[in-house]
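Alright, structures below, take your time with them.
In the two complexes that follow, chain A is the common piece, with chain B as its partner first and chain C second.
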Partner chain A sequence: MDINLMITSIPKLLDATIITLKLLSLSLFFGLFIGLLFAILRLSKNKIINKFAYGYSYVFRGTPLLVQIFIIYFGLGQIEYFRSTFLWVVFKEPYWCAIIAFALNTGAYTSEILRSAFQTIKPGIVEAGKSLGIPNKIIFYKIQIPVAIRQSLPAYGNEIILMMKGTSLASTVTLMDLTGVAKYIISTTFKPIEVFIVAGGIYLFMTFCIHNLIKFLERKYSY
Partner chain B sequence: MSIFKKTIFSVLASLLIIGNVYASDKIKIGTEGAYPPWNSKDASGKLIGFEVELAWSLCRYMGKQCEIVEQDWDGMIPALIMRKFDAIMAGMSITAERQKAISFSQGYADEVAQLAVMKGSSLEGMDTPSGINLSLGGSDVNKALKTLTGALAGKTVCVQTATIHQNFLDSGDVGKVNVRTYKTQDEVNLDLAAGRCDAALAAAVAFTDYADKSGKPVVLVGPTFSGGAFGNGVGVGIRQDDTELLKAFNRAIDKARKNGDISRIATKWFGFDASM
Partner chain C sequence: MELLAFGKTGWGDELFIATLMTIAVSITAMFIGFLFALIFTPLKLSKNKFFNLIGNSYTTVIRGVPELLVIYLFFFGGSGAVMYVASIFGYNDYIEINAFITGSFAIGIISGAYSTEVFRGAIQSIDKGQFEASQVLGLKRFIYFFRVIMPQMLRLAIPNLSNVWQITLKDTSLISVTGLVEIMRQSYIAAGSTRDPLFFYSFAAVLYLLLTFLSMKLINRLEIKYSRGF
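Entry: the complex of A and B
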């Protein structure tokens, strides 16, 4: 065990953790909007919209995240027509490719979490709102959405942790996130065990923080 | 004896037998299988290439049974140290950095590194000598490095991870370059062709092989590099405590060279004699 290497790699790995956190927060931010949108579409009575939303979550939950990143990064880059469109400005950058892949992936899971949360809202709550003469729109925004978010907190906390670990795949498309830098250090020192133990420890600490944050929110918004 | 104990004993016994098989005379050689024409795989998944054929030839000279196994490039040296195999033949150049971790046999082939760009790139037509040796130094080398520093400033250069090519770009010899690293050379080629890389650095033959097979307009630019960060030829990587195997490989390489086997196999795969 090379303890010295473990200590000297800590600052470099912590630097890389910032990239990991950026990837995570941006993906979750966009993913939450995508998830909310598709959860609402899933509840639509229109069959075509409903099936479309179901298809999206089916595809993105049914394929590995690594495959999705590869298709978005290496796959789309092979299409010559695609490279001539304005979209290439975004897709040229590995950073945005990773965020798009992560956001679409977490969006699919989030839409399922929110959908089931919406469906478990007791009809009595909505009826109570209606009997007070509150308009449907306000019932949706002020009653259904907040209740659904509270309902989905435990499951969504899990999804955040899964996504955090998923960001390690960004290193496969050349990004220097926590895993990417760990691999880089190994490529010059040839000591994988020491470096991966430190990197694993940092991931574990992030999980610890997310876990406790969600627990705190659950307690705060319990009813 | 209870059944439980019996099971434990029989499992342990079989492990011992398996252990003995592994400790047999068979030499396991690790290669990447993704760096044509050095080593790659054919359509059926069989390992082929210069080093695969050379490995069989060296094993015949050593009079030993060999097995060639695949290993991802970025885990090659750790896998050797952890005894997953006994020798590396994977286009691995002999460098001082790697020699801190493993030993190398004498070199068997010369890897010539060069930059590649897509046709029509602004980097085409750089005014440099056709080849520079970083170990020799001198005004020619310094001038060429200066030209490269100017040309590559702010450009994205793609390389495979944990290679001499990455080490060279990280060394600062050509200034501050935006280095992007990939797991395999295939991925470097893909992104060069897609236009994500302004240039790529690898063994020149890796690019010519890709250009031939894909039909993409990949062209080589600038000088060929050798010496310094690029090491001293490609050799067999062996664990530092495995001195017997090192000697055996060195003798086998001597014989193969004398009989013209290395030149013959090199010419077959590279189209020119890259042996040394």
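Entry: the complex of A and C
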């Protein structure tokens, strides 16, 4: 055990944790919108829209996140036309490619979570709203969405933790996040166990915080 | 389509072999995971606090740390650890462990943590009366576990184990970083030498989709078989 290495690597790894947290929060933010959009599409009665939303979540949940990142980062740059559009400003950065891949991935899982939450809402709640003469739109935004969010909190908490672990894949597209820096230190010092303990400890601490935050929210919004 | 031709002109045969490799690693990892689950599930269910702590730390640590980090630990630390153990027995030469073994071991440990949770949940949801009845009948521990608890547990565990299988299958893409030539690594090689990453990575995605789709069909059959009578 090389305690010295462990201590000296802590500040470097903590610096890298900031990138991990940025990746996580941005991809969760965009992913939540994508998830909500596709959950609504899944509930649509139009068969084509429904199938499209199902296909989206099936493809993104059935393939590894690594493939998705590689397609977006290495693959899209290959299209000549794509490089001339304004989107290229975003897609040439590994940082944004990673966030887009993560957001699309977590969006697919979130859409499933929200869909099942919408489907388990008791019809009585909606009917009560209707009989009070509340417009459909307001029933949806003010009644169904808040109830669905409460229903999906435990599953969404798991998804946040999975996504946090997923951000480690950003290191494969040259980003120096927590795993990227850990790998760099390991490959220069050849002390995998020490670095694993420190980096793993930071990840575990984040998992612990997310877990407790979700528990707190669950208690706060329980009814 | 020329790119996918079999033989020297295309990448079809290489990708086919790589797909077999992905399947082989997934199955090996799943099997290693079961072995870990076999050790850690009793620890988690045990009434002894110390055993409990060991079982819980295994599942918490592995499930709370990114898969990639675990793989790096095994990739960089695996041969060192084996050499250390070998040196205790007086063997001091350099030992290189094959990428297949390190890879499936790393993924196996991860998959084992998920399997442990699944088995624990399944055993805990079996009615207590079943345990008591077996004791009253004087069944030997061994028999009551394999003839009474196991069949009921499998029925409850299979749907969740199919999730674990999906996770394991997708996780194998990560061991491409260690150089084992599975789907992801082969696509990377092909993309590099043909300068056509979009096509090859998309094809890799299709292969993974095919694998998850086919395995779901297979598992559904198992599910029907084990839920007979319910």
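We take it that the second predicted complex is superposed on the first by the 223 of 223 C-alpha atoms of A that agree within 3 Å, B and C clash if a C-alpha of one lies under 4 Å from a C-alpha of the other, contacts with A are read in each partner's own complex, and residues count from 1 in each chain.
The criterion applied here is as follows: a contact is a pair of C-beta atoms (placed from the backbone, for glycine too) under 8 Å apart; a residue touches a chain by one contact, two chains touch by 3 or more.
Just so it is clear, the structure is predicted and the values come from calculations on it, not from any experiment.
Engineer: Which partner, once the models are overlaid, touches more of chain A's residues, chain C or chain B?
Structural biologist: Tallying touched residues of chain A, the top partner is C.
Engineer: Tell me the contact category for A:203 with respect to chain B and chain C: first, second, both or neither.
Structural biologist: After superposition on chain A, A:203 lies in contact with chain C alone.
Engineer: Name the contact category of A:108: first (chain B only), second (chain C only), both, or neither.
Structural biologist: In the superposition, A:108 contacts neither chain B nor chain C.
Engineer: Quick one: classify A:71 as touching chain B (first), chain C (second), both or neither.
Structural biologist: The second partner, chain C, only.
Engineer: Taking the superposition as given, does A:183 touch the first partner, chain B, the second, chain C, both, or neither?
Structural biologist: both
Engineer: If you stack the two complexes on chain A, which partner ends up touching A:172: first (chain B), second (chain C), both, or neither?
Structural biologist: Once the two structures are laid over each other on A, A:172 reaches both partners.
Engineer: Which holds for A:24: it touches chain B only (first), chain C only (second), both, or neither?
Structural biologist: Neither partner.
Engineer: One more residue to check, A:63. First (chain B), second (chain C), both or neither?
Structural biologist: Only chain C is touched by A:63; chain B is not.
Engineer: Identify the overlap between the chain B-contacting and the chain C-contacting residues of chain A.
Structural biologist: Overlap of chain B and chain C footprints on chain A: residues 74, 78, 172, 183, 186-187, 190, 192.
Engineer: If we count contacts the way the header does, which residues on chain A are in touch with chain B in the complex?
Structural biologist: On the chain A side, the touching residues are 74, 77-78, 83, 92, 94, 172, 174, 183-184, 186-188, 190-192.
Engineer: Using the touch definition up top, name the residues of chain C that touch chain A in the complex.
Structural biologist: Answer in residue numbers: 60-61, 63-69, 72-73, 76-77, 80, 166, 170-171, 173-174, 176-177, 184, 187-188, 191, 195-198, 201-202, 204-205, 208-209, 212-213.
Engineer: Touching chain C in the complex: which residues of chain A?
Structural biologist: Chain A residues touching chain C: 58-59, 62-68, 70-71, 74-76, 78-79, 161, 164-169, 171-172, 179, 182-183, 186-187, 190, 192-193, 196, 199-200, 203-204, 207-208.
Engineer: Taking the touch rule as given, give the residues of chain B at its contact with chain A in the complex, in rising order.
Structural biologist: Those residues of chain B that touch chain A are 74-75, 77-78, 81, 97-98, 101-102, 158, 161-162, 166-167, 180-183, 187, 190-191, 193-196.
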